[in-house]
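Next come the structures, one after another.
One chain, subunit A, links the two complexes that follow: it is found with subunit B in the first and with subunit C in the second.
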Partner chain A sequence: MATELRAVVLLSAGIDPVSGRPAPVGTEIRAIGLARALGARMIGLHAGPAAPVLREYAGYGLADIVCLDGAGHDPVAALARAIVSGSLFTDGTVDLVLAGRRASGGMDSGLLPYAVAERLGWPIVADVAEGQVAVPASRPPEFDVEQARPRGTRRAARVAAPCALAVHDVASCVPDFVFARTRMAVLRTMPSGLAEPSAPVTETVEERAYRRRPRLIASTATQAPGGQVLVDPPPQDAARAIIDHLRALGVLPPPAGS
Partner chain B sequence: MTGRLRRDPRAERAARQVGLGARPRFDLAQPPGGRSPGGGVSGIGPSGRIRRDPRAEQARLLVPGGDRPRLVRGGTGGTGTARVSAPAPAQVIRVDDPACLVVAIPDLPDGRLDRLDRQVLGAARVLADAASGAVVMLGGAAHPDLVQEAAQAGADRLAMVDTALPGQAVLDPEYRAAVVCAALAALSPRHVLFPDSDDGADLARRVAAHTGQGLMTGVEVLTARQAIRPCRAGRREQISAPPALMTLAPDRVAPYAGAVREARLLPGGVDPVPVLPVPGRIRASAPRAADPATMKLAEAPFVVAAGNGVTDFGLFRAVVADLHATPGASRVVCDAGLMPRAAQVGASGTVLDAVCYLAFGIAGAPQHLQGLGRVEHVVAVNTDLHAAMVARAGLSVIADAQRVMPAIRDALAAEGG
Partner chain C sequence: MGLVLVCLAWGLAAGVLLAARGLARRWRQGRPVRVDWVAGLAAVPRRYLVDVHHVVERRPEAARMHVPTAGGLLAGSVALMLAVLPALRGSRVYWAVVAVLFAAALWGAILVRRRRRPVVPSFLSAGMFLWLPAALGAYAGGALLLALGMLAVPGGGASPLLLAPLLLAVGGAGGLLVQFARGPMRHAFAGTVWLAAHARPGRFGGGRDTALRPLDLDAPRLGALAPSDFAWTALASFDACIQCGRCEQACPAFAAGQRLNPKALIQDLVAATRGGSAAEPYSGSPAPNAPPVACRGSMDAPVIGVDAMIHPDTLWACTTCRACVEECPMMIEHVDAIVDLRRGQALMLGQVRPGAAQALRRMRDSAEPGGRPLAARADGLAALDVPVLPEGGETDILLWLGEGAFDLRYGRTLQALVRLMRLAGLRFAILGEAETDCGDLARRLGDEATFHLLAGEAIATLKARTFQRIVTADPHALHVLRNEYPALGGHWTVQHHTALLDELVTGGALRLAPRDLPPVAYHDPCYLGRYNGEIAAPRRLLDAACGTRVEMERHGMRSMCCGGGGGNPISDVDGAARIPDLRMAQADAAGAAIVAVGCPGCTAMLEGVPAPRPEVRDIAELVLDAVVTA
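What follows is the complex of A and B.
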């Protein structure tokens, strides 16, 4: 392909929700897969010091990972700066920024891709489940993406490069993991170019161990009649009871005639 | 002789006889001593004591109107029937001079407030009540009949801002965010609440990125003084005072259940209509439902699954198609190659997020039940009354799956034809 896409995948140093140990984030792995599906050349970008967990992403096919040193206090500015600087790819500017819809291990607010896109002045489409380059090919290239919506619904959207895409957990584009690639990966460190903050950043937000709290119980209107048991009913009665129950729950459409 | 009075039932009965027809007729409502002169409540019993009829007295105290019985016990009674009160007009709570505004921006799927939207309004109520502020519901211009619903859900004001692109079928989330930002700038609220749904969270993040205001996503606990949300992969939680922007996780804050609010209409529309620097960068179409037959199991709303108790898989697939459901299976079935591995429900298969799960001939091993994590409604068809799946089910049918499945097909076919 003459005009190859240049994509940046934003990587975070995630942790595993169960063990709490460093682990790659599922949505970011899928972001790598989406970049491959779009046929893009990609560079991983991480705002922060090089961490061993970043090598795991290399195992999913991201050979080149850049860490921005000294970006901890303002990752948005550092990432935006690196993306527009033109120093990531030797042959051109970045067409596409890919990210997971939400990190797993930091503040996990999902705000960072939006903030980066806002800083760059690029459009962002979130919850991407699938994507492809729109045909007929245009310059700048356009992307046809499918946004995941609840209960398996999908929403098609079209957006032109340069843009940012945040990938949803249901995206099926998970690349294969190759352990040897984690060994071969190069983690490059680049200065973020940001001035050190004049005053040390003070965390105002209090944090403590997560406490599981009960959720509100679904309203009784939608609750099924609890534990109804039909023992050895005639099959017709059983079928009727099941169909009526499914209709009451709203999962089965009402009969065509009514 | 004791001092006790002896009743003569025959004489009492004779005293109640009315008319002298061929058949004797008796007025049993008449007090045994004969009608008292005023026709009043109380008769004099044979003992000379006043006899009360509590039921009749209560009936007289009853105030007509209203759907719950109301008794007025103030007076001596007997005036009840004259007291006809009109049903009291429902009390509407007004906030005329709010100290601050709390904005709730519901999603309004299908133009109505859904469960989470109501919870968002309930949360906004919590914040507004603590600061004697008013709740403003933003959005819903396309649905003018929403006013009553919003009033019940706790909205003091209604800013019916149109967030759709004028005269276009495509949705532009950037335009929507720009309109909301402009509307918020005009209102300058203290807090803004969004539902933590896909669309709500998208809008909240756009607004936060654009305005640079603090955003807390997925708030799980919200009081007037603090908001708590999970962070660090759900292992820790963040506590802070309620920030300017929040998205509320589902089923965490109760919807408003108090008296109807005013839902006064604020001047709708934003002036001037925001103009995007580059309009139409994102062109999204309306969401379309996926085909249940090919949908991913993890996302499917309705899953019908087969276990070792199903022998006729052609029939099973036909039932699944007739029910417009997504097929699932237990591990035994997948191991036997009767269903694809992608259909396996359970610990080593897929964890469902369905509304309803219909299990044919599945015992409900712990490894299988793990896959039903969040499923609210389970229906089981099993020959074993003591199967674990039956214990988990809201409706269980103890019968042979091979006989129930064709009956379901027949019943659906009879409806269709």
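What follows is the complex of A and C.
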């Protein structure tokens, strides 16, 4: 292929949700499958020290894995830096970042793919269930993707490289696991290039008490027609519109005093 | 004339040697294995006369055919070779002996012919077999006439009358050579080599050896993708197949039309070593309903695939029940061959069926093929409050629950077992959340890496606790723990629950009063019967607990599989029928109203058969019902 895609798959040292044992994350396995389906060459990127569980991703077809040393205090910056550094692929820049769509319960964060895309300034498509390179081929390449929606519906979207795709659990592109490939896995460690934080990071974490989430009425959960399209609204207006919408659905209680 | 006969016999021997060298050359392309030739060759007569004939005798007509054919042919030809000694050539006694031997061989040739007349039975092959009796008959008949001629005309005049029998014998010998080099007669040589270099010498002399061999996971090639990946002895064993079709008749997957015929599989492997469609075409029953394949192959080309020799579905239909192995007169190890091929597909290519891939992934990630929380395994026993053996703890009996415990139906069996153990005053415990999957399923599916992972964890868990023995109601776990963990460093006394209960009843710790039940038939689990030879204790228990016990036609060591083993159920193999349906029909035919089982797999498979059908009860349940509490 003249214009071979270069993809980075974000990998976490996952935890199996049932057993709590180290295990590769299902959506990230599917991200590898999607990259293969797109015909991309890929490198796995992990913010953190090399963990044995990362080798398992090699079994699913991702043999070259880069671990970013010293990325712990700011993985978003470290990953974004590595992606744009040009040092991952010898022959060009990264076209595509693939990730799982949410955290699996390990040291990973579900926000990470979105934060990385924001830092890169790239568009991100969430909940990708399927994807292919758009025809006719263009430069930069474009992708036709399908987003998984509730109750089995799909929504089509087109996005141009460079971009990020967060893969949904329903994506059927689970690659075969080949034990022989895990033996050939190469785990490289690269310095993250981040300066050590001068002062220990003190994150202000707010803990909130558990609150029952109101159930959406099923019929409204699908792609209902109607609604509003706001283009570049001021944040205040956008927030207002969302709150009104949720109130109309009955998800939020009516305003106090009404 | 005598000298001409001598030349014929020696010429035939030389031809056989040449052909044998050709075979040996082909086998040498297989993986090298160390063979104890001295012990092996010394054991051949015993292995042949005792073990092989033990199998052959199950079909008396086959034994009656084989003894005169093989005996007459071999002894007659060797006797003829001895005629180089002039003293013998002049002896009438000698020629009389030669005549008797070849008369036996001729009788054998007639019996060989009768096997395929008037029609070739479906389990036998045609092809070169069709003119084998002619070649045998010509050689034996010609030699017989010549020997008679020598008897009649002492000194052996060159009577032109003997020319016709001579030509007959020469023609027959030529035919036999072709049969030896390219046809079924090579089983004589290949079979002898395989008997001497057998991969499981422990099977001979009434012994048993059923554990799969560990695989070196660091080897560059894992399992078998091409014929040359098999041990050379396995290649010899494939050539030893005489296409008798006994394996085919015993195979549950074949009976259910599930794209597998062990005989065709072995012959396809032979054909692969000989260049696929370039080889002598196979003329027996094919794998039923298998889609066509390209029939392309060579020593180093892939065997499995639609563009190769064997359709992938064939591989996943096998339940690893060993019925074929039990029936094979050539002592071929079909299950080893199938597992070698599965290892290649699973470990080198990741090519397993989707259901199996999911189960394997869950085993790697959650240590449980169903992906269920390990703590839920003992839920079925919650009401009985069985103690959990902590790390460092000690007890008498460790009760290994197995995968079946997640199933509520099988939970009832385990409850019955626990109640009986309590009644007998035994001290026992379970592992609780610490019990991980034993790895049986992963190993049968060919995923040796996952098996090693799971086995390593289970062995470490067991080693951290102290107990006298392990008892389990799952014959698959029993087999792995008892027979396959020792190679990985885990040595324990492992007992099936029926053996334990039998011990308790015999020893008087449990008293049973036989109940007045409709006829009960016992279905032997493959992994308890054929894999471990335990067929008596369950029957003793049933005799003590139930009124009438009947036997299905296939029982004991020759029992038929329920269809649950070897990952068959999760491999989504298409078939014309379901194996458990066939088995239940056999129980019906035996007049059984209750089928007694001793395995979670059998329970699930046989209970899945739609009604009306006999009731399925575990032996533990039947024993509990019959127990007399003083």
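Operating definition for what follows: the second predicted complex is superposed on the first by the 197 of 258 C-alpha atoms of A that agree within 3 Å, B and C clash if a C-alpha of one lies under 4 Å from a C-alpha of the other, contacts with A are read in each partner's own complex, and residues count from 1 in each chain.
Simple rule for what comes next: contacts are C-beta pairs under 8 Å (C-beta built on N, C-alpha and C of every residue); 3 or more make two chains touch, one makes a residue touch a chain.
On a predicted model such as this, the values are computed, not experimentally measured, just so you know.
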Message: Once chain A of both complexes is superposed, is A:D16 in touch with subunit B (first), subunit C (second), both, or neither?
response: both
Task: Go through the superposed model and pick first if A:R213 touches only subunit B, second if only subunit C, both, or neither.
output: first
- prompt: Residues of subunit A touched: more by subunit B or subunit C?
  reply: B
- prompt: Counting only touches as set out at the top, which of subunit B and subunit C does A:P136 meet: first, second, both, neither?
  reply: neither
- request: Check the residue A:M107 against both partner chains and state whether it touches subunit B (first), subunit C (second), both, or neither.
  value: first
Message: Looking at A:E56, would you say it contacts subunit B, subunit C, both, or neither? Reply first, second, both or neither.
response: second
- request: Please indicate which partner A:F177 is in contact with in the superposed arrangement: first for subunit B, second for subunit C, both, or neither.
  value: second
Message: Shared contact residues on subunit A, subunit B side and subunit C side combined as an intersection?
response: 16
Message: So in the complex, the part of subunit C that touches subunit A is made up of which residues?
response: 217-218, 222, 346-352, 357, 360-361, 364-368, 371-374, 447, 449-450
Message: Under the stated contact criterion, what part of subunit A meets subunit B in this complex?
response: 14-17, 20, 104-111, 114-115, 117-118, 121, 123-127, 147-160, 163, 170, 172, 204-211, 213, 215-216, 218-219, 224-233, 235-236, 238-243, 245-246, 249-253, 255-257
Query: So in the complex, which bits of subunit A are touching subunit C?
result: 16, 18-19, 21, 23-24, 56, 59, 174-183
Query: Tell me, which parts of subunit B touch subunit A in their complex?
result: 115, 119, 173-174, 197-199, 201-202, 205-206, 208-210, 215-217, 220-221, 230-240, 250-254, 277, 281-290, 292, 295-296, 298-302, 323-325, 355-356, 358, 376-377, 379, 381, 385, 390, 393-399, 403-404, 406-408, 410-412, 415-416
